[in-house]
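Pasting the structures in now, so scroll down.
Shared between the two complexes below is subunit A, which pairs with subunit B and subunit C, respectively.
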Partner chain A sequence: MPLATVYLTIMPNQMIATIFDGLTRGMLYVLLALGLNIILGLMGVINFAHGAFFALGAYITFTLSQRLGLFPAIIAAALCMAVLGMIMESTFIRRLYSRPPEHVLMFTFGAFLIIVQIIRKIWGDTPQPLSPTGFLAGSINLGFSQYPTFRLLVVALTVLVLIIVYLILVRTNLGLTIRAGTRDSEMVSILGINMPLTFTIVFGLGSLLGGLAGGLEAPLYNIDPNMGATYIIIAFLVVIVGGIGSFWGAVVGGLIIGLLQELTVQLIPGGSSAEDIVPFAFMLLILLVRPRGLFGAEGLFD
Partner chain B sequence: MFLEARELNTYYGKSHVLQDVSVDVDRGEVVALIGRNGSGRSTTLKTIAGVTPPKRGSVTLDGRDITGMKPYTIARQGVAYVPEERRIFPNLTVLENLKLATLAGRKGRWDYKKVFAFFPRLDERKTNAGKSLSGGEQQMLTIARALIQNPDIILLDEPLEGLAPVVAQAIQKAIMEMKAEGMTMLLVEQNARVALAVSDRAHVLSDGRIVASGTSAQLRDDQELVQRYLSV
Partner chain C sequence: MATSALSAHRRSSWNGLVPLAAWAIVLVLLPWFMQHVLKSNVALATNMLIFGIAALGFNLLYGHTGELSFGHAAFIGLAGYFAAYQILNHGWTWWPALGLAFAATMLFAFILARVIVPRSTGIYFSMLMLAVGQVLLFIGERWNAVTGGDDGLQGIPRPTYILPGSPLNMNNELHFYVLVAVIAWLATLFMWRVVHSPFGAVCHAIRENKQRAEFLGYNVTRYKINAFVLSATLPAIAGVLLGYYDGAVNPGEMNWTESGDIVMMTLLGGAPTFWGPILGAGLFKFMQQYVSNYTQFWEGYIGIVFVGFVLFAPQGIWGLAEAWWRNMRAGRASKTAGAPEASAENAS
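Right after this comes the complex of A and B.
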């Protein structure tokens, strides 16, 4: 009998709570990976700075929450990251599109290092705790157990954001431009569409998702300057598992990885030491079966 | 002249692909560029469209200098470029492919209704994805995408390439009808016989230079020229 079945029979409520924890964690991965994936899909930029935007989003949330309250701070931090992303694209990254792809990769990696050092300078090296306050600090009875309100907010907000991003992609002119540009951005500009502007907007959108993930992560775990490095690796892994440029790939991939990690930690004795390995093992498995990822063969934001 | 390209010099890396190529097209005129593969015909269109900007030379449209502008700016000035590879978006439907072209295109005579009347086959397939279209349907769509922008001039690159004879004839007929409607076109076509049949004037290119120019009727009758630059 598989281990999970054993747990489900003897401790059904704990099992359901673990699944919820996994989904919450997965939601963070989904947001982070989706932002990364839209940028990678449209502009072909492997954006390491995304991890730094994630960390910066968490720290700005941390600081702003003392004045604005937690929820407004999360939104404000995400918007700050959108602006920062647009500035970075329009001042630096734009100049690198015509160069070999490793140049822009080195730039985003450098930007990541610089932003992390700035975080250290401002907030210091030690991890900072940030707890949900007021209404968000409580818990809600879901039947199987009391579940923290803030975690439910993470799930609800992520689902809402995913719906919005999806509607942007399939219903708006911007979405039409993104879906077309992901396949052939030069042809889109031949049709008269201002692609440089579109790139800047999309970079802002992607960075917003990264910053939002950071803000939502901050009250769940401690924040520290290195948090971006850990998460960006998982986010890349989710992109690979889901398929480069795929909306549903990021969603399904992120949730699976979050669930797998949480189940490993909770169900396997000593599992927390395997927490970082499980996603890689899963990625290798997927790549053996579907080399272009779960949704990769079907293509990009179709 | 409406479109004036003057002494264009374009490079791919170190290779000097266009050498002092000058082309004029007047309003309502169809001008053909003919020559063997690699003679620089397609590059001339790409250079005018801003896809491969020239190192030297100039392009003016109705007297306005558009040299070195980005492809999207040139498109907005009324230049529609129909690439050889057709470049239909495979993940978008026929309708979405057209809609994308209307976003920055101008309003005018060519709307969805007129485009679908012009290519009834596209009307039948409007909800199908680009990737499901046949070569002929893709060619119709890429021309339709140009028409619906209501451009002042269409740069048409190898519209008959790779098509079955019957389909190629249908596209040739469509080009003739566009000409009858008064559409200004600069046409690149591998099949010199077809190119000279649909155009008013033509330039012959060889190794990145223009080696002969004239009315299409004159060039059709010049057997020596045909032997030298056009026969494979």
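Right after this comes the complex of A and C.
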């Protein structure tokens, strides 16, 4: 990347700021894709409704922030999405596990359409702006430049959530069940583990991450009812790039794609028109070299 | 075994005469029905048929072979763009534009099938097809010089010349309907022959049990590649027709939600059946027009109907009707047969 080197030598501060922008964007992708990926890994469910939860999380944050303040609103919205996800899993999706996997896919697609229309009905079609308030509104001097406090919060909160999810996966019995179930959920249920309950919890956890991503996205960019349709595709790409069911795959894949997009937009003249293509090009490259994704395990979903 | 299979095959090809003749009658009566019974218009009937053609093709891959593609709208859009570009920039007429768009889309589908089908199956395949559709969507949105960007290519005139001595005037909606209806019937004939051929039988075997088909010596990947390419034929034709119908093509036609619409049409009508996709496309387009008169949130209502079918009747409307018809016939047969059937039931 000679262009990047040029930028780095001429304007190092700007380059570092761009990298930080890319990381914040990537953090959103990581949250969204991780939620999608643990559901996909454990249950084999491609959850289109995840995109709708993301959008709904952003809108609930938008409404609640007027009363509670931004930060509590984000947390509340994420919790709402967790509850909604658990309700959806335990009432409808559970009935479909015995069916061909495409039926769940189609169900979540239908749920996606319904939720998006509900959002349109409640909040309307016009994009809503939401700016950080209170202590989140300003910026902090990081040495190389002033950096918006809210973006730093996104990074900090995401890292915290990732550590928590990682500890849940690695250190708890629930995590053990999830990791074993990702390999072979039938076997795990034969061993006497309550798999239906685990499925519901994991669906709630995944939806929580999706809602959290939505809440964090809302103050960074405008929110509109179709935001879920755009972001869910990027989350799919992250999952494909990182590898299905892989924690580190979602993390690394999300960060790389976020960085690549931001670098394209800010460093290449006219790059913003290639913003949407870059993740796909990267996915194709990865698939040619590693068909299962960066961290994809052998034997899943054959 | 062999003789019964052979005779079953012969019988099935004869069986096709009745449904296809009935389908021709439906096509003839549809404009009248739309205008006088549903108080709608011929243009809607044309729209229904165009999407019926596309869904019929899509269903060869999903309903008959068992791979769900979430990117078939890409073929519709791609063919539409090829035709529209030549029509608008080089003044091409109906046949060459159709021919080029079809050939180019087939080439694309063939290359795509070679790349994607051997590498992925199941939900992974669905996701990759979705990604392919999105790539085409973004190219359509950004490559302004060729695709016209977000606005797409507009001002496609209806074809003026189809066949020597034809009295059809395509600017008349009824005449354009006749063209689309003839193509729809031919497309159905084509798909009927494919589905009821030995090739179609292998596709069904792959859908039912991939491993068993493999053990029987069939090259599953090759059959799936062929099914994939064949399933792109009809969407390609539908794409060209749609360009003429709307007088424009735009990148939104390739969006993944459009592919989702095709999936919904197929499932509503009945994916495991031959006629389901056509019925579903008709119903979907009718609901879209009808419900959108009352509410701008029509997609949500269609979504509710769709989710209901996924949960409670995944065999779709045609599948339900077939089951009902089979029960009726079985009931009548047991009534005429009388005692043996009833006693058997008592015994068990």
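Here is the rule we go by: the second predicted complex is superposed on the first by the 295 of 302 C-alpha atoms of A that agree within 3 Å, B and C clash if a C-alpha of one lies under 4 Å from a C-alpha of the other, contacts with A are read in each partner's own complex, and residues count from 1 in each chain.
The definition used in the following text is that contacts are C-beta pairs under 8 Å (C-beta built on N, C-alpha and C of every residue); 3 or more make two chains touch, one makes a residue touch a chain.
The structure displayed is predicted, hence computed values, not measured ones.
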Dominant toucher of subunit A (residue count), subunit B or subunit C: C
Which superposed partner A:R183 touches (first subunit B, second subunit C, both, neither): first
First (subunit B), second (subunit C), both or neither touched by A:D276: second
First (subunit B), second (subunit C), both or neither touched by A:N173: first
Contacts of A:I193 with subunit B and subunit C, given as first, second, both or neither: first
Which superposed partner A:R95 touches (first subunit B, second subunit C, both, neither): second
Where subunit A meets both subunit C and subunit B, residue numbers: 301-302
In the complex with subunit B, residue positions of subunit A that touch it: 173, 176-177, 179-180, 182-184, 186-196, 299-302
Subunit A partner contacts - residues on subunit B that touch it in the complex: 49, 51, 70-72, 75-76, 81, 83, 87, 89-92, 96-97, 99-101, 103-105, 145, 149
Contacting residues of subunit C [partner subunit A, same complex]: 62, 66, 68, 70, 119, 121-124, 126-128, 130-131, 134-135, 138-139, 141-142, 255-257, 260, 263-264, 267, 296-297, 299-304, 306-307, 310-311, 314
Interfacial residue positions of subunit A with respect to subunit C in the complex: 40, 44, 46, 92, 95-96, 99-103, 105-107, 109-114, 116-118, 120-121, 229, 233, 236-237, 239-240, 244, 273-274, 276-277, 280, 283, 287, 291, 301-302
